[in-house]
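What follows is a group of structures, each given as structure tokens.
Each of the two complexes below includes chain A, the first together with chain B, the second together with chain C.
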Partner chain A sequence: MAEQENRSAPVTRRDFLRQGSRVAALTGLGGVAGLLASKLKAETLVWQIDPAKCLRCGRCATECVLKPSAVKCVHAFALCGYCELCTGYFVPEPNELNTAAENQLCPVSAIKRRWIEDPYYEYTIDETLCIGCGKCVEGCHRFGNGSLFLQVRHNLCLNCNECSIARACPGDAFRRVPVSQPYLLKTSYSHG
Partner chain B sequence: MTMRGRSFYSLMLSGAAAAWNAVAEQRFPPPEFESGHQLPVTTVPPPRALWHEYADVAVLLLCLGLACYFVYRRRSRRSVLWLSVFSLIYFGFYRKGCICPIGAPQNVALGFFDPAYAVPLVVAVFFIAPLLVALFAGRTFCAAVCPHGALQDLLLVKPVKVPSWIETGLSVLPYIYLGAGVFFAAAGSAFVICRYDPFVPFFRLSGGLTMLTVGAGFIVVSMFIGRPYCRFLCPYGALLRLASLVSKWRVRITPDFCTKCRLCEESCPFGAIREPVPPPANPVELAPDRRRLGLFLIAMPALIAVFAFIGNRVAAPAALVHPTVSLAERYLDPAKPPPPKVPTPDSLALERADHDPASVLSDAARIRRRFSRAGWWFGGLVGLVIGVRLISLTLRPVRADYEPDRGACFACGRCFMSCPNERVRLGLLSPSEVPGAEPARSNTPPVAAGYIGKPKTAV
Partner chain C sequence: MPASDQQSTGHDSPNPNDGTPVEEMSALQKNPERSKLPSGSMAIGRGQTAFSRRRFIGGQCAVLGVAALGNIATGSIFAVAGRGTRSDNSENPFAYRVDRFEQTDPKLIGYVEARRFKSPCAEPRRMAIGGDERIYLAGEKRICVIRPKGSVAAEIGLAAPPQCVAVANEVFYVGFKDHIEVYAANGKRKAVWETLEGNPYITGLTVAENELFAADSGNRVVIRYQLDGKIAGRIGARDREAGMVGFVLPSPNLDVETRGDGVIYVNNPGRHRVECYSVAGDLLKWWGKPSAAIEGFCGCCNPIGLALLPDGRFVTCEKGLPRVKVYNANGEFDCVVAGPESFRENARAGAGSTSDPARIGLDAAVDSKGNVYVLDRVTGNIHVMVPKAKSDGAR
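For the complex of A and B:
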């Protein structure tokens, strides 16, 4: 409607400036789009924890915008010693080496212990319970093989622009990784 | 077995407790099972599939198109309202307020300044599409697509008029906030706009106490003041405002001509409708405005320089927002506390700095330099925004009719049905019921004799 009126009326200075600015803005947006497009070949990035830099401080459980956190403990089974006395499973100096709650390090009993063969036990994480506090990770790191470690679980992670755990991480262990390789996993036993 | 395990445990506890992160893991070789036990595989649940992201883009584009159709073709407030309810549910409560264009300028800034960061295609589209639409059709994104706007709009129960001097004073905030967001994103890869978003904690139904309190404050305020975040803070709204100032089409209250009944002005809860301003009877009246304009134009470079200097000064404390800079500061602090017996996250960070001070300090110095450079630009921008605002106060656009301000109008459509001429067009009123409905526009002066209302002096 407005345009038809304008066409019959002479172009005022104000309209001329407006049209000029619009063309300039369109060109600018086009430029931004072009510059962004020049990097589009690069992959989308997602947040992940580098297990080598993780200090197991426990902030993953408290800082995530999700409650419970999108960070969970994962288990590299090929790295695990299948110890009977698992220092990731049991509290220091446990009363008995059994599954009683007072013996377990995990505050939410998210680690399941299963006998395989004498004297080996398998430990599996129930991620629906895990809160990502890293207590088991600390036990396993300090006295065991380091087969338990923390990872951002991407089925849960909202991939915030600025990961609020990353901002609080004392080890600077969070970084953006390409979406095609979204995990930084520990794999297998390397020496000995 | 139990006893042996326990003594071994105590031995390890004494020996290895003080060891640093690089302590050797892998102490017990994995067993070779006689029972042929198969090791489970560590699961790697994938991120949200890409087609989901494209679906978000499709919904955005569809909603933008529909919003334009509802505002310009159907001229229907009700349709706009329902579309905004849908957007609130989809972009707000289903997508948890993330992805949204409000934070996207930060991604774009980081994409320009950090060569390692690539702006995802979806974010790029969310940044560009609403701006592109605004260049043609004004802020239809704000009207019905933005979940933040929809939430505030739906909460508005008892609108209170904001005095124009407050409105004018606060209207520079969005630009400054946008500048700050871009400044932090470019300098320190911190996303302040996302971090301090008042509504996303509500969409997620979880968040820190501070942000929930701020959000609750905004929600209470938005019951009485129309869209406080959109008007006085939204950084993306600042960009949309600029774009819609030069938009091709604009929201028109009346279908054909204005009877100057002022009903539309009352209907707008956002103070976006401007009254007619007659051309000055005597050019001499304009002299003080001209003098002020000249003064502001001359003062502008000085204003920019002063603020740029302040920005540069402020950048040093602002750099402490970055975790590496604050760690370096704490590491260099001569009065730093001794490490506690039970390590805390902060003492662990200090310990990390102790083990590799060179890299932490050089990183911190690099980030500080970036902050300091960005501080000049940010300060300059603040000066420019204030200067332009001052200059705009001296300008005196001539308006014949009641019109929505191009920049301030959210295209919500509330004013349409308040216009008697619109009701005549829709057949809800007969022309005889509307005083002054005869189209006598061409020969009436801009402010008609029948113009009701107290005379106001234009600024």
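For the complex of A and C:
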């Protein structure tokens, strides 16, 4: 009987507030701990582009807080065909296969073409000029082996808490990677 | 008594002298239930915060609910603000434009699709057509023998993925990455030829009366075999002293064809041309030019596939702008079999997007009537294309 009475006894406001305060305190502590943990984690990670997801949309050039962007084109030479007609270097229908500006695809002429031996040419990126637009990447990806791809250069990147390019990326290609392995390099025909 | 102590707590009786508005009083008077203490609550002295527990919890729930809704709403708004432009990719100021080459002038199309069927095996690579007009398709880990209408006549299981196939009288030859195997028509293996040295990647086969030619993309050479498997020679190898550049292959797409007349035809993708060699290895002639326009070979490295029409013309396959075209015996552009508009998914796949470049692009084979069978490696569809002039009859 006494137990039944205890069960049906109304909760006093004092008890209710006391219990509520405890729950609130615990929740607050949990939240603070979570926040600290996530902050600690964020400090060991940096932003990077997953080449397998990159859509070459051009937003790396337009959305970065830096001008020019911290995203640059990089070249996996092991995958390159050293083509005479590189579709990452030349516009789709060039007048001639030479270095004349009108034949170049890159809007800032950031790709350098060097003759190796007939009929092979080497293509290198001048990162001081590259704006990370990905136009050459699309050309190489469309017709060639995809040896050109975009990466966040960490000597430039401010590692913003919320990367403005990542927010706009239509392919969700931006992700956090450990600072000890900050690049997602292509080592085979597959991305990443 | 202080004025504050005189204020009603909501469950006290209304007092006409405490300043309560007349309208409120009348409402309370009209509904005396409102002045009763709710069940489960209690009055706490004369305090001003005498809420019932139910009302308190109800109020908290309401506040939390509103907060949660607000959070969701603001989250959505921020999400929309942040990602509103994500799906809209039409405003790329740096877009790579090849749109003008993706639509073929209808006047240039000389073939019409009579039918289309799905490849019975995954990852189809190359195909050949036998004397019985059956299609021999290399893919996955098997060779599928398909009747002209698309039904499967036979399947021959293999130990490794085949790269290519060639058909002769009562036997067919299967090219694996580093060697060739011979099979009887009933699927029984008759011979396994020696594994090639170097960095072999066999991607094309063609057979003549007494010889077989294998296109080795890895070693960048065409190997001339006797039908007992002995190597009789190598064709098209790079020779600096002789000024022979050899086959330029950014991706493994070397193909070889012959009519059995002592001449073999090989694509040289990096040089955007088709080369004709004697079986002894002499370069007889070549034709082709780089161009995204219809008469040329587009991109860095095309054509990627060859087939020979009975009347002496050539069929070529390209990737990047996936298209199949016909050139006359002199190498002049004749007509289009199927343009990029027929292979939208293939075009989207892109060459650089796959771990295996041999899995993109197209392949073609020709039957004795001059119909062109086009294999779309991305979708696995086989398009049967018949010349427009006789398309009605074929249908």
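Just a few scattered comments:
Definition applied: the second predicted complex is superposed on the first by the 144 of 192 C-alpha atoms of A that agree within 3 Å, B and C clash if a C-alpha of one lies under 4 Å from a C-alpha of the other, contacts with A are read in each partner's own complex, and residues count from 1 in each chain.
The working rule: contacts are C-beta pairs under 8 Å (C-beta built on N, C-alpha and C of every residue); 3 or more make two chains touch, one makes a residue touch a chain.
The model shown is predicted, which means the values in this text are computed figures rather than measured ones.
By the touch criterion defined above, A:A33 lies against chain B but remains apart from chain C after alignment on the C-alpha atoms of chain A. Within the superposed three-chain model, A:E93 lies in touch with chain B and with chain C [touch as defined at top].
Legend: residue contacts after superposition of the two complexes on their common chain; A:L66 is shown touching chain B, with no touch to chain C.
Between chain B and chain C, the partner in contact with more residues of chain A is B. Using the contact criterion defined above for the overlaid structures, shared-chain residue A:E84 touches chain B and also reaches chain C.
Applying the stated contact rule after C-alpha superposition, one finds that A:D50 touches neither chain B nor chain C. Of the two partner chains placed around the shared chain by superposition, chain C is the only one that A:K135 touches, whereas chain B remains out of contact.
By the touch criterion stated above, A:D126 is placed in contact with neither chain B nor chain C. Once chain A of one complex is fitted onto chain A of the other, the partner contacts of A:N145 extend to both chain B and chain C. Shared contact residues of chain A with chain B and chain C: 55, 57-59, 80-85, 87, 92-93, 97, 119-120, 140-146, 167-170, 189-191. Those residues of chain B that touch chain A in the complex are listed here as 1-2, 5-6, 8-10, 12-13, 16-17, 19, 21, 23, 25-31, 33-35, 37, 39-48, 96, 98, 103, 106-108, 111-112, 117-121, 124, 127-128, 131-132, 135, 189-191, 194-195, 204, 206-207, 242-243, 245-250, 252, 323-324, 343-346, 348-349, 352, 397.
Residue ranges on chain C touching chain A, taken from their complex, read 40-42, 44, 53, 56, 82-83, 85-87, 89, 92-98, 101, 245, 248-251, 270-272, 290-293, 298-301, 319-320, 350-357.
Listed in rising order, the residues of chain A touching chain C in the complex are 10-11, 13, 16, 55-59, 61-62, 80-87, 92-93, 97, 105, 107, 118-120, 133-135, 138-147, 167-170, 188-191.
The touching residues of chain A, counted against chain B in their complex, run 1-3, 14, 18-19, 21-22, 25-26, 29, 32-33, 35-37, 39-40, 42-46, 53, 55, 57-59, 65-67, 74-85, 87, 92-94, 96-97, 116-117, 119-120, 122, 124, 140-146, 153-162, 164, 167-172, 176, 179, 182-183, 185, 189-192.
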